[in-house]
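Let me begin by handing over the structure; questions about it come next.
Which chain is which? They are A, B, C and D, in the order written, and residues in each are numbered from 1.
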Amino acid sequence: MPVPWESSLVTQLKAQYGSGIREANTYLGQNYLVLDPSITHEILEILHEEEEFEYCVDITAVHYPKREKPFDLIWILYSFAKNQRLRVKTMLADGESFPSSVAIWPTANWLEREVYDMFGIKFDGHPDLKRILMPDGWKGHPLRKDYGIVQQDTEWVQVNLGIESGQ
Amino acid sequence: MLDYVTSYLGMNTTPGQAGNVFWALIYILVVFAGVSVAVMAMNWLERKALAHFQIRLGPMRVGPHGLLQPIADAVKLMTKEDIIPAEADAFVFWIAPLIILCASFTVYIVIPFGPTHAITDLNIGVLFMLGVSSLSVLGVVMAGWASNSHYPLLGALRSSAQMISYEVAMGMAVVSAILMTSLNKTGTGTLSMIGIVEAQQQQQIWFLFKFFPFGFIAFAIFAIAMVAETNRAPFDLPEAESELTAGFHTEYSGLRWSLFMLGEYAAMIAVSSIAVTLWLGGWLRPFPNTLTGATWDLVFSLLPGFTFLGLALIAFIGVIRMPKHPYFRIQTMGLAGFAVVLGIIGLVLFIPPVRDRIQDIFWFVAKVAVFMYLYIWYRATFPRYRFDQLMRVGWKVLLPVAIGVLIMTAILGVVL
Amino acid sequence: MAPVATGFFFYFLSGLTLLGGILVITQKNPVHSALALILGLLSQAGLYLMLYAPFVAGVQIILYAGGIMVLFLFVIMLVSIERTQREEQFNKLWLVGLLSAGALGALFVLVYAKGTGLFPEGAAPPAESNNTQQVGQLLYGQYMFSFEIASLLLLVAIIGAVVMAKRRT
Amino acid sequence: MADPTTYLSHLELGEPDKTFLDSSELIINMGPQHPATHGVLRVILKLDGEKVLGTECVIGYLHRGVEKIAEHRTYTMFNPYVDRMDYVAAVSNGLGYCEAVEKLLNIEAPPRAKYIRVILTELNRIASHQLWLGTHALDIGAMTPLFYTFRDREEILKIFEKYCGARLTTHAFRIGGCQYETYEGFEQDVKKFLDFVPPRIDEYEELLTTNRIWVERTREVGKISAADCKALGVTGPVLRASGVKWDIRKALPYANYSEFDFDIPTGANGDTFDRYMVRMQEMRQSLRIIRQAVERIPEGPIMAKVPKVMKPPVGEVYHSIEAPKGELGYFIVSDGSTQPYRVRVRPPSFVNLQALDIMVRGQLVADVIAVIGTLDIVLGEVDR
């Protein structure tokens, strides 16, 4: 079970943002923060500028279709100086967009493109938000839970590959 | 008619100089066929030698030890579909490989395989060779442009810049060798290929060792520039496989592509022949001055025969080492036949009249073969140069050094 | 050592030269023009050979056909072909063209009619073997000054090219 | 296929040098079928002559939806799929996945299993680096090292084959330990390999390190600073060659790497030559680790007590290992069922490939090839 994460960082953030910090826990020895979407971008900037989380390991999302806000958006950060890993999590509604963090970590460019490609989460201010792994013009976002495992964009396949089905 | 045929035999000059059209034609045919066979042999040898450098076996399937592989390749290439891309400039696309082929083969007119074994002896021989071989760049440029595709165009741009740059250093190195010919009794030099070898004979020294180290440096510059000139590794940028897929001949296929290859290998043999003629004493046997006398003459004249007998022995060992399985019976028989043919050639070379006639050619070909092996060796050893580095080496290293060597040769020639 | 079929080769090579020249100005595609120019230059080299000037012929091949024309092609390839093909090939200065063509023709006729003394008839062709030496001795002896002036001209051209290329930075 | 120029619209490209020719830029489409793009990478290059003004990678040609498949398989069933991502370092992939699930299940592999894992993973690292070296050298024009490295890689593959029956996609590990006990003579085989391979590595170095053309082709090519590396999330040998002494095996040890004595080789300039040297050193360090592991390998069980039906408690975990290419991470979300709710793979090749653009700007076409080679990407992992 997750246990509360006690650290100066959490205390400081809680003092500043109060209830915006919804959770600050440790699970299996891994620290994570669950933040309110309105302050998440700001905190990411703080983590980069002041807390030396200069390496953005990964940006990804998880889809919970039954929830009111179905998307978990997750950043995995690492600090070389502290040798510490941190997960930051926020929740988004379907169709809601989120500020891009390319300006904070350039590596977010492709990672956010992949999240957009797979989940359809839009990032505001992203320099070139388009599909990365799926072909341009593909309909649907495959990693959403309502997207079937054998589902495909039949029309795209017919137009571009000239075959009836890719299966 | 018969008189006309035999009229040449007693003459002590090349058919071209003698104005004997019939014999000139025969020589042209012989040289053309010989070069084509040499290209095929080189093809087999390169694949085989390269494979052994790289701990592989190379071709093993077609014929014993892949000996018939070049023939299989030729048949394959000739029967392949001949594609001209729809967007290509058909006429230029069609003529480009022919230009390369013509340029590479025309050069052989003046190559002296022996004092009289040349199609003709132009008195501008070296100039002619450099000029005609420089025409092959036209074929490269046209092939690259006519393909109407980016990779061939980049390849053509690279190769035209490269070939022109290295021609300059090459020319300077050649001039310093020609300067050395003018240091004989009469004081007049010559551009004639035969004249250059005769000058080395008179001065009793290969130009490689003359004014040591300057002759050697000039030779080294030529040896580097000629690799660049023929677009071979490590200067194979125009056809750099990992960068430009196949460079200027990316869009070519089948017979046309094989013409490029034929031209490339013929050009390799041709420039090696220039190097041999200018610096390594052409057809002269090793140590013609120190190891003199009838005994040494005999020993050296027996070497061609022994070489072929040695090759026959190697082939024979191959026969013994062939697996005894019936599947390999035909291959074993083929290799044995090859060994016998080599042996017979070796024995024929011991007959005195043949022996005397063939010696010059043997030594010339042996020297050229060393260069051919070097080409393979380079290819197995070196990474590829980058374009700017290539240009830097050509213009900032080779050219100044070549000019310096030229000046030093001129000074030493006057002083000594 | 009488050359074979002299007359035939003369007309053949002259014809090729003329053909090349005409193709140069009539071809729409600049690359084809350049190729035609190469044809003309090569057949000129053949004509030099017939004049017992093998050295000049060799230089013609190595410099013009092998060197300069490659640079020509190099430049042409970098320029958009499509644009040049749409352009008007000949401009409309018919009058000037006719005049200059007429003047040149008149000059040829004049030289042919009056200048017979300039061309000694039946002059023995120089021995082929020392042609190169003769060219060298003339260039570095009698015409030393003009030769050096010409090379100075080339030097100026090179410096000019370097200056032009440098200016863009 | 769309017009390649449209892909480049967003790039802030430098103006091409104005020459008297005013040559227009060339747009070249390199790949997806190209001898040097290591698979189906497609790079659109904007060139001024031979100078690269900008690049744009088009990827996804090998996308198989591994992450989607994971959501429809049980934890055990998904295990072989991870081998198909970075197929030249399949063992590392398996190790990362198994350890991540073990963490989620809160079990730990027994010591003997850990030793076997370390030995096989480090062997795989050497194999991966050998394959990289051969293809990288081939890209730069040196043909011969390719065959030398493949000859020696074969010995590693033979050990894999004898151990688990597969050569490339090994599926060597299971959640909770290893499926197979080592075969008779495993230790002898590994020790033989340890004695046999160092001279071979010297041989590669002899062909390349002192070769002037090789040095000229790689020095000052594709430079990337440590700050850029961190900002772009570049990890592995590329990061270390830029002078950052960071290796997950040391920083956040997993398996039992903390028990072994080894160094982290680093470079200074962050150019292609440094990356080459770092990888060559890494091969030697891996040999050191394997030697220690083989000498100390304990007896004991190779499988922890794992429930027949794996139902990890609800929660999520991120676990990463130092794969031959960089940080390979698995982010697994469990909803308490037998199937993972979400598996996210953090592929090192994918993130490292992003650095291609800034590494090749202003350099020549030939350098693009060298840089693609030196990034050591595997398209199976980039596209997943």
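We adopt the following convention: contacts are C-beta pairs under 8 Å (C-beta built on N, C-alpha and C of every residue); 3 or more make two chains touch, one makes a residue touch a chain.
Everything quoted here is computed from the prediction, not taken from an experiment.
Q: Identify the chains in contact with subunit A as well as subunit D, in label order.
A: A chain counts here if it touches both subunit A and subunit D, and no chain qualifies.
Q: Would you pick out the chains that touch subunit C and also touch subunit D?
A: B
Q: Of the other chains, whose C-alpha centre is the longest way from the centre of subunit C?
A: Chain A.
Q: Which whole number of Å gives the spacing of the CA centres of subunit B and subunit C?
A: The answer is 32 Å.
Q: At what distance in angstrom does the C-alpha mean of subunit C lie from that of subunit A?
A: The mean C-alpha positions of subunit A and subunit C differ by 71 Å.
Q: Per the centroid of Cα atoms for each chain, what is the distance between subunit A and subunit B, given in Å?
A: Going by mean C-alpha positions, subunit A sits 64 Å from subunit B.
Q: Centroid from C-alpha atoms only, then distance subunit B to subunit D, rounded to Å. What do you get?
A: 45
Q: Residues of subunit B that contact two or more other chains, please.
A: Each of 157 in subunit B touches at least two other chains.
Q: Any chance you could list the residues of subunit C touching two or more other chains?
A: 78
Q: Quick one: in the complex, what on subunit D touches subunit B?
A: Subunit D residues touching subunit B: 26-29, 34-36, 49-50, 137-144, 146-148, 151, 207-208, 211, 213-214, 216-217, 364-367, 369.
Q: For the complex, which residues does subunit A have touching subunit D?
A: 2, 27-28, 30, 54-58, 60, 62-63, 74, 76, 80, 83, 85, 87, 105-107, 109-111, 118, 127-128, 131-136, 142-143, 145, 147, 149
Q: Any idea which subunit D residues touch subunit A in the complex?
A: Residues 2, 10, 59-60, 63, 65, 67-69, 71-72, 103-104, 106, 230-234, 244, 246, 251-252, 315-318, 320, 327, 329, 331, 333, 341-342, 344, 346, 350-351, 353-354, 383-384 of subunit D touch subunit A in their complex.
Q: In the complex formed with subunit C, which residues of subunit B make contact?
A: For subunit B paired with subunit C, touching residues are 17, 19, 21, 89, 91-92, 122-124, 127-128, 130-132, 134-135, 137-138, 141-142, 144-145, 153, 156-157, 160-161, 163-164, 167, 188-189, 191.
Q: Which subunit C residues qualify as touching subunit B in the complex?
A: 1-2, 4, 29, 31-32, 35, 38, 54-55, 57-59, 61-62, 65-67, 69-71, 73-74, 77-78, 128-133
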